[in-house]
Amino acid sequence: MNKYLLYPGCSMDSSAKAYMESLNSIVEPLDLHLEEIEDWNCCGATEYLGINLIPAYSLIARNLALAAKQTDSTRTVVAPCSACYLNLAKADYYMQERPTLGAKVNEALAAGGLEYKAGMLDVRHLIDVLVYDVGLDAIRKAVTHPLSGLKVVPYMGCMLPRPDYQHRWSDHEHPTELDDLLRALGADVIDYPLTTSCCGGHMTQIGPETAFELIHRLVSDADERGAQMMVTVCPMCQMNIDAYQNEMNHFFGTDFHMPILFFTQLMGLAFGKEPGEVGIGVELVSSRNALAHIGVEVPVTQEPAAPRKKDEGLPMPRRWTKHEGKKEAVK
Amino acid sequence: MTDQFEPTIIGFTCNWCSYRASDLAGTARMKYAPNVRLIRLMCSGRLDPTFVLRALSDGADGVMITGCHPGECHYIEQNYKALRRYLLLKRVLAGMGIEPERVKLVWASAAEGAKFAAETTAFVEEVRKLGPLSWGKDESQDKHSSFIIQPSSEKEVPA
Amino acid sequence: MKPKFAMYWAASCGGCEIAVLNTHEKILDVDANFDVVFWPVAMDAKYHDVEAMEDGSILLTLFNGGIRNDENEHIAKLLRQKSKILVAFGSCACEGCIPGLANLSPVGDIVHTAFNTLTTDNPNEIYPRTSYDVPEGELHIPTLSRMVRPLEQVVDVDYFMPGCPPESHQIAAVIDLVIKVVKGEAELPPKGSVIGAGDSTVCDECPRARNVKFIKEFKRIQDVAPVDPALCLLEQGIPCNGPATRSGCNARCPQAGAQCIGCYGPAEGVMDYGARLITAFSSVIDANTPEEIDHILDGIPDPTGQVYRFNLAGSLLKANKEAWKVER
Amino acid sequence: MTERVGVYVCHCGSNIAGTVDVVDVANWAAEKLGRQGVIIAREYKFMCSSLGQELIEKDIKELGLTRVVVAACSPHLHEKTFRTAAKNAGLNPYLVELASIREQVSWVHSDKAVATAKAKAVVSGAVSRVIENRPLEEIKVPINPNTLVVGGGIAGIQSALEIANAGFHVYLVEREPSIGGHMAQFDKTFPTLDCSACILTPRMVEAGTHPNITLLTWSEVTNVAGYVGNFHVTIKKKARFINEELCTGCGICQEKCPKKVIDDVYEAGLGYRKAVYTPFAQAVPNFPVMDKENCTYFIKGTCKACEKFCPTGAIDFNQQDEMLHIDVGNIVLATGYDLFDARRVSNYGYGRLPNVFTSLEFERLSNAAGPTAGNIVLRDGKTVPKNVGIIHCVGSRDKNFNNYCSVICCMQGLKFAHLVHERTGATVYNFYIDMRTAYKAYDEFYQRVLEEGTLFVRGKVAEVTDAARNEREKGRLIIQVEDTLAGKQRRIPVDMVILSSGLQPRADAKEVGKLFGISCSMDGWFTEKHPKLDPVATMTEGIYIVGCAQGPKDIPSSVAQGAAASARVLDKILQKEVALEPIKASVDSALCSGCRICNGLCPFNAITFIEDDKVTEINPALCQGCGTCVAACPAGAISGTGFSNEQIIAQIDGLMMKNLEPVEA
């Protein structure tokens, strides 16, 4: 039986709600049993480790300690979020490799009556479990509505395959797990050289121009290769490319409409779920046109906020042009 | 100097790697702790657990076993056999109340004079921390000794 | 006049005496050829009777049991003095045997365990004293020594006869030999020899088929189902002490389907029995990484007991480090 | 019998005497070790000098010494010296023991009192040990004059020819259909740009026709037994399905064969061959080989086109693999290398991006006899590249792959740069970490390529991608690199990328090593006996390693090493017999119980079980003296000369100064 402890992470509840919904939709067809770690807390995301090591590791390790306590027949913790996965794996690895760190973290955990012996748990990402435990054969068997005709680029993101403490991935620079999985769903997978390139991460907050540049590279190359959508495994990648695509378009004077979905959403569709069941429709760059290629009709669940009535509105600002964008950037 | 405890350690070296490493440490005049006295074997695979037991019963405070790195044995794979023996020997010694840290296996190639010197000094310090192995006086050499138990309670044996 | 014969048990279980009786009618040869002067199990005799004997007046003494207390030691020395031929008879006298496993603990702990554990009804924590005054005078009970010692560690021994107990057919053969020597028909082996046993190990006499061995897992015999009746037990992952244990028993245990536990002690010329078993078991492990090797070794739950079950007191280290220390 | 031991403490000038009170050590030994049998202890300025040696020789003769301990330097330095001295004085050389009080004492400690005390312990250990030493004699075995050379690349060919020319017989075994090796695939050789085939072919022909060489191609060694001077080798001669007696090598069968197969070996996957084929025109021998896996007849049961057209009736579909048994005295391994699989460096895109080529592919591409007749074109087979990037150190000097330098790649990259430049006029970029052009005329070649206008960028390439960021990059391969000299990141668009892939050990090197009883280093290359002073011999007597089997090297070095091994082999053959160190294990069959625990321990196959007697035996000629079985025997039935239990136990006791205590009654 495929039984795991689930560490959902904060985003699954908010920005990546679609990820969670779609994940819930595929557990049953794949006979996957995910038991949520009780009373889990934030992993500190990408920032905290850069600020103060011991509290940051303690924050992460608390989840591992809880998981270890809760573990019964399973030793595997599954994280669907790449940042969560990396943080959990990192803590597990460094607590073992640096005994002093391990001791200090455990000192902190002891304050809450917890303890974590590094190495006790296997920390794995959702796609790792799906590809290597559940297996592509089982996934293929569960497919009722193959995605043939849907041209996708698989986008793994940069956090998942590197650093690869436990040698889980086929290749650090160009992992093919997502390609293989999407192929198993019947999609037309386009080789995407930027599959592990950075989406900008939190640069969207602190240096948006850098982030726009990175998002532009990803989106334009996907578009260049004829992709109808991007598919990712990471909530942050999804958010950056989805939510900032419009701003990026403004910045570069481009007009990309490259939807990006979670791989679980496509799995749900392939398993015959309705778009609404797998969180489709909440993305900002609509996947409706792309999904129309495979005959999936995305109902208009949520009308976009009614625009101001044109006739009585204020004059529109001028469109941002590339030329101006550059000028702006120079300032 | 000081009154600190100076352990006596017997070291077993492989003729091809660690003994040459010790030669190299010598040629390079690297200074290290003088507590280890070396015995040259042709291979760490020659190490009979008896040698370790003998050294300990002779009063050595620790035993260092050195061999070629895994995969680099001059006899192809015999150092793996030394490793297997070493791991079981340590378990047996633990049952005899001997701290597992007193017997150490170190891999050192012929080129690793510096490693040999550093590992030797480090091991001496580890053993120094553990203190003397201090076997009691051997009764077999004092055939008239007899040990008396002091009754821990003055309560009398009931008649 | 018939030559004199004595037999004594020190720290032992009495199995050796039974083994002697198990020689059946051969025991009559002992009676026919010897004058039994001292054998506490079989006949009444007092220590002072022995003390009164002339030095060297006993031709043959079979001494079984290790030296656990001052009484054992006293009689060992006494019999040495009075005997021409002193034989360390059985595993206890040769190498400490099961009583020797007490050397894994300091003697104080042993007394404490005996008199003050849950299974002992001793609410007042009463401990024995070694001497006690009664109206009739002072009573003594023997004093425990720091550790169990084989006979050889206390007195000079002429011959060693291993086994727990020695096999009856081997005892019979030794009795025959001594009778022949008495009659001038045979020569004694050189002093210090092991008698009543072979020079090689149990495998020499074991009929089980054997191959080159590579083991991925050690298992206790009860966990192996079914045990192949014709194949080497070690090859089946059962830690059998046969490869390192002196031959002479006709591989009795392996023939009966159980692993050898090593009662005949080390083979000829071996300095430390445990070392031979350590190397025997580790040589068949089929793994190269410390983790995997350790995992395999986990299959031997009590390594010290496994390799020193009979031999601890006679081993190079003789006892646990703590047991060596003089009690405070 | 009590031994009469002499102890000689060397000052080694001030090397020892500066830190160790040598006089004190000698006096102490004479006084305290007297009971051990020390009857004389002397100190002397330089024991290894002829005067020092004479001192020992004189004492052996006049005082009747039966054992000698020299407290001086490491036995690796002067053991032989003092053993020879003892031998000259009539004492068995193995009754001499060295106590290393220089490398292990005076040079590594500074406190004089501590050093002197340790020196005493070391001497005490050596004295105890030497008493347990036993006289030993070297073992002599006759040498079979025949030699086996495994691998028919340039190193193996050279080695075979040298021995054959000296008048001794050689079996040259090659697993491919033809000899020639990697060198036969190259177009030009650096730095002289000689045509590879032009210089190699005559050697191949010579090897193929030499009366002293038995050439066994399409063959593999499957078993090796025996020892130096007396190896028994089994060779599998794979079925060619061609009768070599009848075949004239006319090539009609290849012409008529309807089955085209991608040639992964000779053409590095860039070209095609037939199911029946000779790998290349100059192949030696020139008989074709039938590729059973791809032959239509073997797959479908019909075709036999080759048989129909063969003018001499040489096609034989019923041929079987043949097992040959030969006896040889020495073996030379010239098994070569594999090219590093560039697909492992996924960020360079090989296997994904069509116009990324490996070095071996490029060799074929630039070869006049190659699939494009020497035209350097892109994978489409027609477009001539305008910009070419050559990436050095692919898979080498990289913690993720191989740590070592593959030696040839810099020069290879320069050669490629020259060829591209010469044939296409394209702009060529070389991306390198360090330019390594050691050896004769190599750096001059680098200068020449520089002058030709090839561009050099010093920096490790991060990735090769087709993800364009601007119009200039569209449709091209972009090399992303940190230019460490310019101090900036660069993106250089090119049409073709050539990966100067490193060399790595053969995939089956470990198994081959096991077969011949030699070891591999951590990187997987065969381990030489001594990295500096004996780079052609191995730890197994009579087995030599040459060419890239020992480590990456260029053609001149491979040829030199091939010849060097031959000199060693000839030396052995001419000695007619070989002396083996008498450090050997032996079984006391009376004590052996036949438990077979030692049977799996010997990597040299020296241990055999005699089923009839149920005892184990050790073949002294095969035994290398490691002592693992001695330590392993649970019955204590195996003993080892030179390092016996008695010697080592005595040395432990001596080092622990137990020998000073009163002897127990």
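In this document, chain identifiers A, B, C and D correspond to the written order of the chains, with residue numbering beginning at 1 in each.
Throughout what follows, a contact is a pair of C-beta atoms (placed from the backbone, for glycine too) under 8 Å apart; a residue touches a chain by one contact, two chains touch by 3 or more.
Remember, predicted model here, so these are calculated numbers, not experimental data.
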Counting C-beta pairs in contact, which comes out ahead: A-D or B-C?
B-C
Taking each chain's mean CA coordinate, chain B and chain C are separated, in whole Å, by 29
Using mean CA coordinates as chain centres, what's the gap between chain A and chain D in Å?
49
Chain C to chain D, mean C-alpha position gap in Å, rounds to 54
Find the geometric centre of each of chain A and chain C from their Cα atoms only, then give the gap between the two centres in Å, rounded to an integer.
69
Show the residues in chain A shared as contacts by 2 or more other chains, in ascending order.
none
Chain C: which residues touch two or more other chains?
271, 276, 279, 283
By the touch definition above, chain D meets two or more other chains at residues 601, 631-632, 645, 649
All pairs of touching chains, please: list them by chain label.
A-D, B-C, B-D, C-D
Which residues of chain C touch chain B once you look at their complex with the stated criterion?
70, 73, 104, 107-108, 111-112, 124-130, 132, 134, 143-147, 149, 153-155, 271-272, 274-276, 278-279, 281-283, 285, 287-288, 290, 293-294, 297, 300, 302-305, 307-308, 315-327
Where on chain A is chain D touching in the complex?
171-174, 191, 193-194, 197, 217, 221, 224
Contacting residues of chain D [partner chain A, same complex]
345-347, 349, 352, 463, 465-469
Which residues of chain B touch chain D in the complex?
8, 10, 19-20, 22-23, 25-27, 29-32, 34, 37-43, 45-51, 54-55, 58-60, 69, 71-78, 81-82, 85, 117, 141
Quick one: in the complex, what on chain B touches chain C?
48-50, 53-54, 56-57, 70, 77, 80-81, 83-85, 87-89, 91-92, 94-98, 133-140, 143, 146-153, 155-159
